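Take this structure, written in structure tokens, and hold onto it; I'll ask about it next.
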Amino acid sequence: APSDPEPPKLTIFAAASLKTALDEIAEAWRDRTGGALALSYAGSSALARQIEQGAPADLFVSANAAWMDRLDAAGLLREGSRRDVAGNALVLVAHRDGADPAGDSAGDPAPETLAPGADLVARLDGGRLAMALVDAVPAGIYGRQALTSLGIWEATAPHVAQTDNVRAALALVATGEAPRGVVYATDATPEPRVRIAGVFPAGAHDPIVYPAAAVADPAATPETVDAALAFLDFLSGPEARAALTRQGFALPD
Amino acid sequence: MQDGGVWLDPATREALALSLKVALWSTLCALPPAVGVALLLARVRFPGRALLNGVVHLPLVLPPVATGYLLLMLFGRRGPVGGWLEETFGLVLAFRWTGAALAAAVMAFPLMVRAIRLAIEAVDPKLEAAAATLGAPRWAVFGLVTLPLILPGVLAGAVLGFARAMGEFGATITFVSSIPGETRTLPAAIYALLQSPGGEDAALVLVAISVAVSMAALLVSEALASRVARRIGAG
Amino acid sequence: MGLSVDIRHDFGGPGGFSLDARFDAPPGVTALFGRSGSGKTTVVNAVAGLLAPREGRIALDGEVLFDAACGPRLAPHRRRLGYVFQEARLFPHLSLRANLAFGAWFAPGRAAPGEFDRVVEMLGIGPLLDRRPGALSGGEKQRAAIGRALLSRPRMLLMDEPLAALDEARKAEILPYLERLRDAAGVPILYVSHAMAEVARLATTVVAMEAGRVARAGPAAEVLSDLEAAPALGLRDAGALLPGVVAAHHADGLTEVEVSGGRLLLPRMRAAPGTRLRIRIAAQEVILSRTRPEGLSALNILAGEVVGLRVGEGGGALVQLRVGEDLLLARITRRSAAALEIAPGAACWCVVKSVAVARTDVGRATG
Amino acid sequence: MQDGGVWLDPATREALALSLKVALWSTLCALPPAVGVALLLARVRFPGRALLNGVVHLPLVLPPVATGYLLLMLFGRRGPVGGWLEETFGLVLAFRWTGAALAAAVMAFPLMVRAIRLAIEAVDPKLEAAAATLGAPRWAVFGLVTLPLILPGVLAGAVLGFARAMGEFGATITFVSSIPGETRTLPAAIYALLQSPGGEDAALVLVAISVAVSMAALLVSEALASRVARRIGAG
Amino acid sequence: MGLSVDIRHDFGGPGGFSLDARFDAPPGVTALFGRSGSGKTTVVNAVAGLLAPREGRIALDGEVLFDAACGPRLAPHRRRLGYVFQEARLFPHLSLRANLAFGAWFAPGRAAPGEFDRVVEMLGIGPLLDRRPGALSGGEKQRAAIGRALLSRPRMLLMDEPLAALDEARKAEILPYLERLRDAAGVPILYVSHAMAEVARLATTVVAMEAGRVARAGPAAEVLSDLEAAPALGLRDAGALLPGVVAAHHADGLTEVEVSGGRLLLPRMRAAPGTRLRIRIAAQEVILSRTRPEGLSALNILAGEVVGLRVGEGGGALVQLRVGEDLLLARITRRSAAALEIAPGAACWCVVKSVAVARTDVGRATG
């Protein structure tokens, strides 16, 4: 409550891809509660490992369910605090030639829904398909799942250029280095140099969710625990949802 | 970022101040052991010399993330060294700026050692012998002859180390995360910006700041070095 | 007492050199004399502790500095030997002043007051004190190196051709200082030189080296007047040492010195009557005559008796004569030797020019 | 990874071979310009010297990702330099191992320049003057006197560069991504493994391989360097 | 023709030195003589192109090498001057053989066959060819440096105290080679030395420097027999040069040389009868007598007439005599000068020992 004398400062470890949205939400939280937040953005894997090593995080927002699962299994999460706070979609982006730097999508052809057996390779025109690392980085893993379920992974794999994170894949398409790329919708929408050329049919890959949970710290004061749980609630609240939506995130059901 | 530009953005200022603090401390703390190790490698033949040499170079060879991972495992609160340090000296490295300094120092260490070692190998041992015949014990020979003569190399090592520390990112963020005000250095801030849509412009500003700081450090070091060189050289 | 050296060492590599040197250097100045490459610097380095010989032993005043077998191997800085290197080896990053002061920082005890200024004055490097070695001439560097060693208050000086880069006038200023060091301060000196004049003036002991071996060693007066040693030391440089005592100073600028065989008139020198001197008479500056010559510009004519004769190649002959109680060498042509019927036992007059005895040839006698 | 261990794993072998190729080529190609730039910085006073010095150090100061971005902008197919290279020489860097080599070379460049520059500054100009009086024109003085005398520094620079190239990851993956057999170097593989839960053990194996290779390179270089030093020194 | 130097330069810094040197060096050997720090090396560096003087001009054989005002500033490697530095400056990374060959790689034309071996032989560095400079003694390095400069086939040699580190015997081997170079090959030499014997033997021109200025310059015979120049050159080293011609070799190892004032018997030398020589007679080795002395071991007695007399401090006097057509200097005591009534116009007998004229004192006359 805003009347609390001195709310504890929370440290939140969050996947870097959530930065814009979370910064906005943190601002709102501060305005609302006066509580200070320290947000540490990095790759989900690094953050998870740090929590394993006793990092002073009160909350963890991951881009990847697998790492959250691992912390869960290790008993490092506060019982019952885990929830999905956001979702995302995977899209096929294409480089938009210099013609329309304003990023006005009006002239763009409407995105197609990729069908099983679609000839992605032909659309590459000899170029590369940019993706995040397909067996390590979440966006890459989802992408590979999608292409596999469409039955075109085998054919496409030799043409894939993998990057260490999904933003780098986006950059490859944005600079025109790669004609096509598979990225999150949240990354594609604000980038004027790419257009969304395709979307994946529902069920082509596991649902993309961003789980959040409070970290179990036996030394934590009750106030901190309360504040952490309160922030989790706030994350699922209307203000946060609005911010997430503004950044293009889907909302969990 | 409100009106007033990045210069007034407290988060940026915080990151810059932290980067400077981390880079300075890591350079200062790594320099003496770097001189020591360089001396060992350049002058002493001992078993395990090759191993030491290899270990020193490790942070260069490994991807920074791997180095960060190893640091986390060793110096993390639950790591063998980190735990011991905390118990014995109450020194916590994990998720503190001290840890960021450690990571930066480790990454910069091979660069420092090499530069200093090169300088040591260029010192004419005849001068050291002359100092010894004048009654100077080993430490005095080192302090009065060797050290002044390798000063340009030490300076070069310090500059390389400082620059590397200013740019260090992979190992730092993997080891101590990116906690604002504690471990969020400029590179970590740049990374975070690059990870979020529309962050490129803000990232460019940080890049520019980072470049400006390092350029200033370079200029200062060059001026110092040329002064030292003038003293040693034509004199 | 004094320095005792007995070492063996080999350098590997093409045309490898092997050293086998054994000599004793009593207090005073020991001159290491020998051709280029004969191993002089190697010996000095071993004494200084900069080279550990394969085998052998080095002791100074009874203290073993080095024993290859089992004994100590004193570190150079514990030996307290002031080494003037063949190349100056000044510290390039220090001013001349700091270079000079370097040794004093580590020497035990305190410097004699004014010592620094005295040395600087003697070496003529006063105006250069604030320069760095890079901005000095060759001779200036060498003088600074001498000063640096002197000011380190060593218990022995090692000097490797210290005066080679200097002009005669400068040498004439430094030599008396070294003499005083030898006599007044009693600092022993191991002195490498090619210049016989320096050796003869300073040395109390001479060690002649040849290809890594000691060819001849002994008291200077003995070695230098020895007919057999002359070729090893260089014929042109042969010359005996006569001990003498200052008798009187004359108004016309000459000093009279009494030697065992008579009196010599020499260019004026600054030494009180009664001072004991040693005078080098170069063999080639002695003229012999069977009758007492008259009307010559040469003022010194001593009676002597031929002791030995050594006929060399190339028309020359070396004659050893007893003059009073001392030995003198004279180098004359074979033709003259024949004409004058020089043979052991022959009585001879020895003519020595006053001015041929240069100031650098007259040194103070030891002790 | 089937039975038989990583040594038989073709993907690992491929990554290792590629890493070696990239590191070797980047070192070899960067060495001559590094010598040139080091010479310029050490010996010539010209306007823009400070700028050149700064630019050379940039890759050290910037987070590798930022360097990768810059490379992409400049040397990408659509980048000004990249396009020109492709048109003029048919040289494509994007998504090729050549691009990885470029990234590695750029990251290693400041280290090489520093080491070589230190060595150049230690060369006694009196020896070069002596060579000139013997009739040797500038290039001959460089080739016959300066270069042999700075060889230890060049070697040290090469080792630093090679090690850095073996460990380079951030700039490489940003610039040329990670394509198995073309641009997927050991560090990229290590990074990928470290991203997934449970990948640590496999990553450690790759780390060990990487360390072994670099140790070998170090040992060889040390042996070479001590041979060179013996020739120059006591001789 | 020859070298012409006219330069001014200042070194900044504490106790700064300023040079103002102007002299002409005709073909032959020009000796730069002067005390330590007088600016000799600075002049040589300017000639070699290693130092650009603030002001002035340097020309060799009519070709301007350097003109501070507007003219050319030829790079050192285009000057083709073989420079023997005061410190050897050998290339530490090259074997002695490669050091010696270095200059020849860039010299135009081809070496005379056998030249390399001849130089190596003369310098006595044959066994050392495969060593690196670090493993050489001081004198060996210096010899190698001489060889390196000689073998670069230079059109002029610059030698800065090249023989300072060498023993007499070695010097006696190198000097004739330099003479042959001067005479047969016509290579001019700018020669810095403190040793008057070397200067007198080699030099055709003498330039005496004092504190950065040229105190005296002129033909060697003239400067060396000049009463006024003697103090500047050092009294002990004063001595005139007599031109002579080999007349005959005698069976007893002496060589007879005809000079304008008579005949001299000198230690045997390898020179065919008819060879023109120049003989340095050191002033301090000449004895004067008003009557013709008899029965002395000294074989050479020349009739002369006193031209001038200079009485110095310290009891000495320098006498200049005309002997035949040439001038001779004699250094005697003031007392003798008074006793013998030495005054201009007085007839005198000059006694010169054969052996006092050392082999290093006899050089071949130029051209």
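We just call them A, B, C, D and E in the order they show up, numbering each chain from 1.
Throughout what follows, contacts are C-beta pairs under 8 Å (C-beta built on N, C-alpha and C of every residue); 3 or more make two chains touch, one makes a residue touch a chain.
Given the structure is predicted, the values throughout are model-derived calculations rather than measurements.
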Required minimum of steps from chain B to chain E, each step between chains that touch: 2
Chain located farthest away, centre of chain C as origin (C-alpha): A
CA centroid of chain B to CA centroid of chain D, Å: 20
Chain C and chain E, separation of their C-alpha mean positions in angstrom: 26
Distance between chain centroids, defined by C-alpha means - chain D, chain E (Å): 57
Multi-partner residues of chain A (each touching 2 or more other chains): none
For chain B, residues contacting two or more additional chains: 65, 69, 191, 194
Where chain C touches two or more other chains at once, by residue number: 87, 131, 135
Contacting chain pairs - touch in the sense defined above: A-B, A-D, B-C, B-D, C-E, D-E
Residue numbers on chain D that touch chain E, as the complex places them: 126-127, 129-138, 140-141, 144-145, 148-149, 231-235
Touch list for chain E against partner chain D, complex: 48-50, 75-77, 79-83, 85, 89, 91-94, 102-103, 105-107, 131-135, 148-149, 152, 154, 158
Chain D - residues contacting chain B, complex: 50, 53-54, 57-66, 69, 110-111, 114-115, 117-119, 121-122, 152-153, 156, 159-160, 163-164, 166-170, 187-188, 190-191, 194, 200, 203, 207, 210-211, 214-215, 218-219, 222, 229
Complex interface listing, chain A residues touching chain B: 11, 13, 16-20, 38-42, 46-47, 49-50, 52-57, 165, 167, 186-187, 189-191, 247
Contact footprint of chain A on chain B as seen in their complex: 65, 68-69, 72-73, 76-79, 94-95, 173-174, 176-184, 188, 191-199
